[in-house]
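Both complexes below contain chain A, partnered by chain B and then by chain C.
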Partner chain A sequence: MTLTSPTTRLAVLSASLLLSACATVTSPTVGNNVSYGDAKAVEQVNEKFGSTDLQMIAEAMARSLAESQAGARIKPTVTIAEVKNKTSEYIDTRSITDSIRVQLLKSGTMRFVTDIAGMQDQTDELNRQSQSGLYKKSASAKLGKMEGAKYRIEGNITSIVKTGGNLKDVYYKFSLIMTDVEGGTIEWADEKEIRKTAKR
Partner chain B sequence: MKISTFAGVAASLVLATVTFVPPVAAQTIASKLELQGKPKYLEVTDLMARTRNGLMALNIEISNTDNEPREAFWRVKWLDDTGFPVWADEVWKPLTIQGAAKQNLQVTAPTPKATDFRIQFTAKENSKSIF
Partner chain C sequence: MNRFFGPMRAARNWVPYWASLAAALILTGCAGYQKQMGSTVDAVRAGAADAALADLEAKNAGSGEKDLLYYLEKGELLRMKNAFQPSLDTWNVADEKVRAWEEQAKLDPSKLLGNIGSVVLNDTTRRYDGRDYEKVLLSVRLALNQLALGNWEGARIEIKKMHEREAVIADFRAKDLEDAKASAESKGLKATSFKELNGYPVETLEAPEILALKNAYESAIANYLAGFIYEASGDPSLAAAGYRKAIELRPNQPFLESALAELDGRAQQGVWLKDPTIPAYEEAVKAATDPKTGKLKKGIKLPPVPLRKPAVDTLILVESGLAPAISSRMIPIPLPIPSKGGLQVVMTPISWPVLEPVSALDQVTGLSIGSQATPLTLVTSVDHMARRALADEMPGIIVRTSVRAIVKGAAQKVIQDNAGSMGLAGTFLSIAAGVAAVATEQADERTWRTLPAFYSAARVALAPGEHTLTVQTPSGPTTKTIQVSGRHAVVVLRTSGNALYLAQAPYKPAAAQVIAEPEPVLLPVNRVDEKKAVNNKAEAKKQDAGKSDAKSSGAKPTKPPITSPGTVKKETAT
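So, the complex of A and B:
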């Protein structure tokens, strides 16, 4: 009996199919009740402020800011102040400014100094290193070396909501300005508009 | 005979060289697009790229061939000279174009490392494939 005979070939094929059917590859998961989605997909669950809005605003503002400083010889030091939420819904504006800061640092166009929210932790650590007497002087941070921001970024987000019949229209406007701390002059400003319409 | 053989080899080399050199006209709009489906009503009709202060800036013109407003989603993939991505995936951005209108999308690269790009574009209404 040779491998070329039809009966043998059929037997080999059947055995292969049986083996492949038995050897099912399992996914490295625990449970099957949750599915992971694309974090960059357009979220259209309802008309409320969502992940796509946050990502689009952060991207547009970071790109505009980076463009304004592109080609500069010295990367300016910047601090982010508050972005006021003037809408009627809860929006974590800190999350938006965090995303803007991440993108600008990754782009390498600006340097960020400690903002007001992080100042307590920064001074606590600085005092611990410089005044507790626990650290080697040569390898500890010294007082009076912190850098001040050349620019301060702040802004606000507003919304206009209108309902008519079975239609709800929401218009968001996110405005950001960058002020020269010493001179008090506004050196850059931009805004991002978003319109969302939902049928009830 | 030897001369004719040499001429044949030389001709083959010339042909091979011509074949492997990428054509200049390769930088078409289509070569910069990654379409997900074939848009039924929307079309990228113009595309301009320039570098300003080290950052690449794009102007993308989208045309709606229908009389009704049409929706699409788009984003840009930023690449270096070797085609390697230099930035994380952007968020998909929704787009609505009014009937029989054109809309310009302007976008700046996030980093000076970006020297090339691909526009990922998907319309809400695509032409149905016969296959």
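So, the complex of A and C:
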């Protein structure tokens, strides 16, 4: 089917109109005991590490990293290593680096290669396609084609907690560095500080 | 009966009669939990889990809704019997009840803080919501049951729920303290600390190790276990927080400190068994090396390069003893009682909760794996947590109990004031009310009794397969055979009387296959090429073995053929 014939064009146009019309219809709701909030709303429930902190860090780091690559002709390949949690709080640092990666991929400034955490699944799939004999040779992934990372990103998050009277002060510092894998030189580094004070 | 009611009818004054009867009724109470649980606890102490369970069921027979304690105790007894799934199901019911409490604590804490029944009658009329440490340790026990069933993901979920629970408890406890202070001020009560109760055994709540606890609900064992589960699931950043928190809660323990210090190494390289021939090999290399040039002397044949084998990072938990019992102790305190002539300060007998001591002998100190003695560290004492919990709850208990005593004092006053107009019945009622005021005073003795009192732990790298563990119990050494496989394993031993109960993850022989790789040993310069050749040969052999294993059993090679050196495979639950 091509889009050249008038009939086909009309059919596609009608379908598009129909779909766009559907999109404007408000979804029906069931019950009213639960309300949805803005995922980006500033969360100030308590002084512990929260969604706003995660979003602030990811945004600041992704912006800074993207700026560091502005004007580069070739998108560098990058891998994200571990961000060490040096606080006593249960902070899922992988969730932070996931957000940074999403924002950088969306901005199109970098390409990401499989990180250490995903390597097992990657090699399993590669081995299955290339060695199991189950797949068409012409369409299956071949060994030896994986790309290595030019840069490695890693970092840490630390905190200082102080309590006095009915005040609790928490200071977070999230530091990230990007190292040239071959040369071992640090090509970029930045940090994001957050201070939160809570009254008991 | 006529002799009783006759004079009362004659008095033809029904109002004081009903007032007196109502006042007498509110002075009634119920039997203590310790007495109720006595035979069940005795059976557990004797190592008879079956008998203890039958006893518990007999005491709770009936169609009425069972309370939280029933499910907590039953789940523990089922776990002792190795009935992990029924235990999990039972504790899930308990967990639902705790979650209902959490919801109420988050949405309307005032309903939990004030409780009319407890003010009018006694604390045992309150719905039992569990003590703070019990709520948190329920999550720990749920996680351990999940591990015993081989469900690491399920254990991770329980741990995550535990963090949320701790946050709710922290908020609620802060509000509870504020509420107790405000109530005490409004009622003109001066004594809100157990230290001000003349005759209360203060030493039971004031030992240095109790005061050293950060609070009554966070424990080193819960956080260490959280760290171990996160590490096993490939989340070192979360594992670090768990170990760090465990160190904060129980400082200066090398066992806890090494878990954090060695975390990066384990995450990057995995856990390996060392070949016992390594020292001899290193000696041979040293002897064969020319000290001047740093190169191997010619013509000397070195022994084969030692191999290292992957080990199972095994956490051994040893649980012992029973959480301390609470008993009631009557101590009179001066209270302002309303009367016709205004407030009268009356020495009022009040029943206070006192924690009974636990036997230090219950603590297990010795552990051997095979013939090798392994150090065992006491990580958490539930006894200390229970004492800290009671110390924290005492301001609230004192306020509630004092208010209750004032209400009862006023009720007695009503009876006494009307006794004269009721003749003989009034006299009986007055005496009965006086007796009931004392007899019905009952401190809240409810507490999760079958919970272990002590959690000790050891962490060892074990070869996949079978091992024997020997624990020194008060009745002598007792041995159990365990089987470990995979990269991580949790083995739980519980002592009770002469019995030693074992809980461990299901054994998977396929996951226990061992594939060795050459031990990295520093070699003289001209030996490096030879080592590389050995490495390549071993690597090729390993890949072949991995492929055939994967084909035959579904097991993956210990290290994938194409990975960076730092790769650690995500946990394959055992």
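A few comments on the model shown:
In this text, the second predicted complex is superposed on the first by the 173 of 200 C-alpha atoms of A that agree within 3 Å, B and C clash if a C-alpha of one lies under 4 Å from a C-alpha of the other, contacts with A are read in each partner's own complex, and residues count from 1 in each chain.
One rule holds in what follows: a residue touches a chain if its C-beta (ideal position, glycine included) is under 8 Å from a C-beta of that chain, and two chains touch if they have at least 3 such contacts.
Values in this document were obtained by computation on a predicted structure and should not be read as measured data.
Of the two partner chains, chain C is the only one touched by A:Leu126; chain B is not. In the superposition on chain A, contact of A:Gln55 is made with chain B only, not with chain C. Of the two partner chains placed around the shared chain by superposition, chain B is the only one that A:Gly108 touches, whereas chain C remains out of contact.
In the superposition on chain A, contact is made by A:Asp92 with chain C only, not with chain B.
Of the two partner chains placed around the shared chain by superposition, neither chain B nor chain C is touched by A:Lys145.
With both structures placed on the common chain, the touch criterion links A:Glu67 to chain B but leaves chain C unconnected.
Look at A:Ala41: by the touch rule set out above, it reaches chain B but stays clear of chain C. If you count the residues of chain A touched by chain B and by chain C, you find the higher number for C. Of the residues of chain A, not a single one touches chain B in one of the two structures and chain C in the other. Looking at the complex, you find that chain A touches chain C at residues 46, 48, 82-94, 116-117, 119-120, 123-124, 126-127, 131, 143, 146, 200. Looking at the complex, you find that chain A touches chain B at residues 40-42, 52, 55-56, 59, 62-64, 66-67, 70-71, 103, 106-108. Within the complex formed with chain A, the residues of chain C that make contact are 163, 167, 171, 174, 226, 234-238, 240-242, 244-245, 248, 264, 267, 547, 556, 560-564, 566-570.
If you check the complex, the residues on chain B that touch chain A are 52-55, 57, 73, 75, 87, 89-94, 107-108, 110-112.
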